[in-house]
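For clarity, chains are labelled A, B, C and D in written order, and residue numbers in each chain start from 1.
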Amino acid sequence: MSNKKFTVLGGDKRSIELINLLLESKNPVNVFGFDKVNKNLRIKQSESLEDAIKGSDIIIGPLPFSILEEQINLTSLLELMSKDQLLLGGKIDKDFSDKCISNNINIIDYFDREEMQILNAIPTAEGAISIAMEKLQVTISSSNALVLGYGRIGKVLSKMLNGIGANTYVAARKKADLAWINTNGYKAIDLYKLNQSLSNINIIFNTIPSLILKEKELCNLNKDTLIIDLASKPGGVDFIKAKEMNLNVNWALGLPGKVAPITAAKIIKDTIYNIIEERKML
Amino acid sequence: MSNKKFTVLGGDKRSIELINLLLESKNPVNVFGFDKVNKNLRIKQSESLEDAIKGSDIIIGPLPFSILEEQINLTSLLELMSKDQLLLGGKIDKDFSDKCISNNINIIDYFDREEMQILNAIPTAEGAISIAMEKLQVTISSSNALVLGYGRIGKVLSKMLNGIGANTYVAARKKADLAWINTNGYKAIDLYKLNQSLSNINIIFNTIPSLILKEKELCNLNKDTLIIDLASKPGGVDFIKAKEMNLNVNWALGLPGKVAPITAAKIIKDTIYNIIEERKML
Amino acid sequence: MSNKKFTVLGGDKRSIELINLLLESKNPVNVFGFDKVNKNLRIKQSESLEDAIKGSDIIIGPLPFSILEEQINLTSLLELMSKDQLLLGGKIDKDFSDKCISNNINIIDYFDREEMQILNAIPTAEGAISIAMEKLQVTISSSNALVLGYGRIGKVLSKMLNGIGANTYVAARKKADLAWINTNGYKAIDLYKLNQSLSNINIIFNTIPSLILKEKELCNLNKDTLIIDLASKPGGVDFIKAKEMNLNVNWALGLPGKVAPITAAKIIKDTIYNIIEERKML
Amino acid sequence: MSNKKFTVLGGDKRSIELINLLLESKNPVNVFGFDKVNKNLRIKQSESLEDAIKGSDIIIGPLPFSILEEQINLTSLLELMSKDQLLLGGKIDKDFSDKCISNNINIIDYFDREEMQILNAIPTAEGAISIAMEKLQVTISSSNALVLGYGRIGKVLSKMLNGIGANTYVAARKKADLAWINTNGYKAIDLYKLNQSLSNINIIFNTIPSLILKEKELCNLNKDTLIIDLASKPGGVDFIKAKEMNLNVNWALGLPGKVAPITAAKIIKDTIYNIIEERKML
């Protein structure tokens, strides 16, 4: 519990769970911008945006922040807020963020926090594994699984795959990453020589947001290889070629909110608490 | 590859994949007792049961063997077989088995082999985790997961759960099992004192084929706890009480053939090869 | 704490630590049969064996029990004990055990308890790894480590080696063990074909108490291979041949008491508590 | 094998093993600056420094480079080298490095390479564990082990400790590090609140090169706690206070060369190959 008063505005299942978690921690919470009939919402929404914001310390928007536009007039929001209040959201557009600053509104993007992105890699990795389990005709245990990229998601995913018993390959460019991959017990693949290592792979998870699996790479794959692309736009797969070749490609985005909304909400809550603590507001 | 001639009779997706694996290993294979239109079947079925069996060394029935009855007349099968041939099947009824013996037919239940049951625990555990990932609103990582029983499935499942990052609890009766559970890095729970440890559990996997989660235990659970029962009949949960209490119980049987038919087929194939090798028939 | 009165007789460092642990749990403890000047002994020894035993419920001898003979007259011990008392010891000679029974003395060998042997495998495995770290010129991480046997020590040792990052090979005979070895993520070697797998091994840990590494096997080893034999007599190595070949063989017995006396004492204490609990004496 | 000609100058056991590894990879190698009677040296040393350097492409000095001064006149070395040659060494003094540059000598510090420092963390961590196993009266398995710092050594060490079965605590300052620590399955401790978490720790490994364990922290420790300081000067422990308090502190530096000289040499060799490859010299 903090001694702050919160407002949660709009969003998806994850925002609903965030409200529940804040209530469970005995925080006062105003709510606005949800469907009226949402049966998972345990408290009554405020009558108006003005009511929702008045007297609140922390106003929390959804992830991504842009989905709030469908429910709320953002210009009104700016006009209603005072400079004693703090506006939080995830993946906030630069335009809106700039407008806040020029209006003297305190705004922080919680998705910019590194600990948030690290923790978010967990539901992303589990979601990816869940898709793989559902689509594969073999077990992940003993299969040859290849992770492209060794950033946050790559690190968590390779650890989990290894934990289930996959032969875990990880491809990266930097020598330091290759050293870490080997040190952590996986098989390192030099991304520059990716083509040589593709033929016996059962499943590929891409985490790199640039075109990695081009025609040449796709041709080196076994026809049964399952591809799960976790990278944000433009993704890492030549989707058109892959479709032509009848490969099994799944582009999976926004997994945390979909597969584990309560965990995803808890991560946002913990990150917000960290932000507040650092601002000495607790 | 062995130098034996195989016949595969009837069965599910797993039997189809077993045929594929035997063919890939360059074994001669006769096939009979499948739907005529089965498009995953890569070779033509024999014209008759007699054709399928004539000249074959090893006749392989499905798991469970009883599903063969729907496709084939088992009495005819016995009459067609000679004592030079070997009949294999999984979970064969004692009655049929006795009949084979009194007819001088060599019959072996591959599911009685310990290595088969150990390896089969892998797709079972993965299938259970897949269900859990789909049903839970939280990640398995960081959740409190309880495995009831520390037999084959319990061992594999607890290792995988731990590998994904769950707080893994395992309940067993024997002091030796409790020692192993702790030694392997999980939290051991004395099954006799199960009730004291249930309140904070997010997910329970039961592997014990006797009634463990009775009314009293169910009452100690959090309402959101997910229960996955992997035990064969009669299962380990008082299903009627659980339904009354509106608990989320899933009785999941026969997972290997459902979630990973290729792996399940490979396990049968490897076990059959072991049987043949031990009979010095290879 | 139990409500029993204990006597600890003779022994090594481990017995001293057992006394300390019993005292820390607020148990009344008599002590006899230690060197008078033992500075780790926190309490005064009894004046005589008779004093030490009188009024005590549980009399605890060392592991192995035979070392007690050097300090105490065992015949006197038998004469002094009554049938209400319980005598405990580890690896008790059958002769002495029989004599107890014919004298109506309750005697239990705590080392016969399976949980004791499982837990004891931990300090044994750590001790073996400690020796390996000291003797090897390479790290255990990334080295090829071979464990012979998949009993209690084999299981714990292979798990630890894998946890440090070794390429972990385990050789066993039974198909079921080979299945478990693969399932647990190690590389299974059929012990019948051991010779084919020896040439690239950096370190071998033997846990099988029969001659496994004979001349033929030794000849297949790299000259730098380190051998650590953990098996009790006769050990698993042809020591004479190995010496002739100038191989680096270490026969390491009784590791728990040597490398981790406090842990070893705690294991004995926990086992004794289990024994008492099962006898409904607590 | 590369097509380069190497010279190895002076150094410790690790340099000897580096020579062996270069020879095993069929590289031509000159050697100079070792004791004449060194029996581990498989080839004859050059007659003079001039002979050793003439015609060589890559001249390799030891780690730390400063120990070379005892064997060789560094000014002569500079005079003898040409600008087509490359001088490599580890932890080279800035003064000497500057002098090389002003003399147009190509010089690279292989210890500055990140992959080298990552890989070097492995023998460091194993060495630390080896010391702990030797000094502790309890097993590392089940003990409470605390790692201070989550840099390269902290990461490798905590993974190994966890792999052996310790209750692994890691203390760090950054929220992102704390998130990774939890994500990797260890218990994160906020370094700012270290004092609250010290009382039940059996062993502390410090990897932070600044004073962390001051009087206040030392007072919160159990008297039996073992402290192993892996941090370079000034170390992380108030050694004077610790000695006054009779605590068991071990300052362990330069472990890779001491505990696993062959592995340490291999790391240097691989790093040198990486350097050469990147300079398109291979």
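Here, contacts are C-beta pairs under 8 Å (C-beta built on N, C-alpha and C of every residue); 3 or more make two chains touch, one makes a residue touch a chain.
Predicted model only: the values in this text are computed from it and were never measured.
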C-D or A-D - the one linked by more C-beta pairs in contact: C-D
Copies chain A and chain B touch via same or different residues, half shared test: same
Geometric centre distance via CA averages, chain D-chain C, whole Å: 36
Touching two or more other chains - residues of chain B: 122, 141-142, 165, 183
Touch-based graph of the chains, sorted into line, ring, star, complete or other: complete
Residue ranges of chain B touching chain D (in the complex, touch as defined): 141-142, 165, 182-183, 185
Of all residues in chain A, those that touch chain B in their complex: 17, 122-123, 126-127, 129-130, 133-134, 136-142, 160, 162-165, 259-263
Chain B contact footprint on chain C (complex, rising order): 113-115, 118-119, 121-122, 156, 159, 175-176, 178-180, 183-184, 274
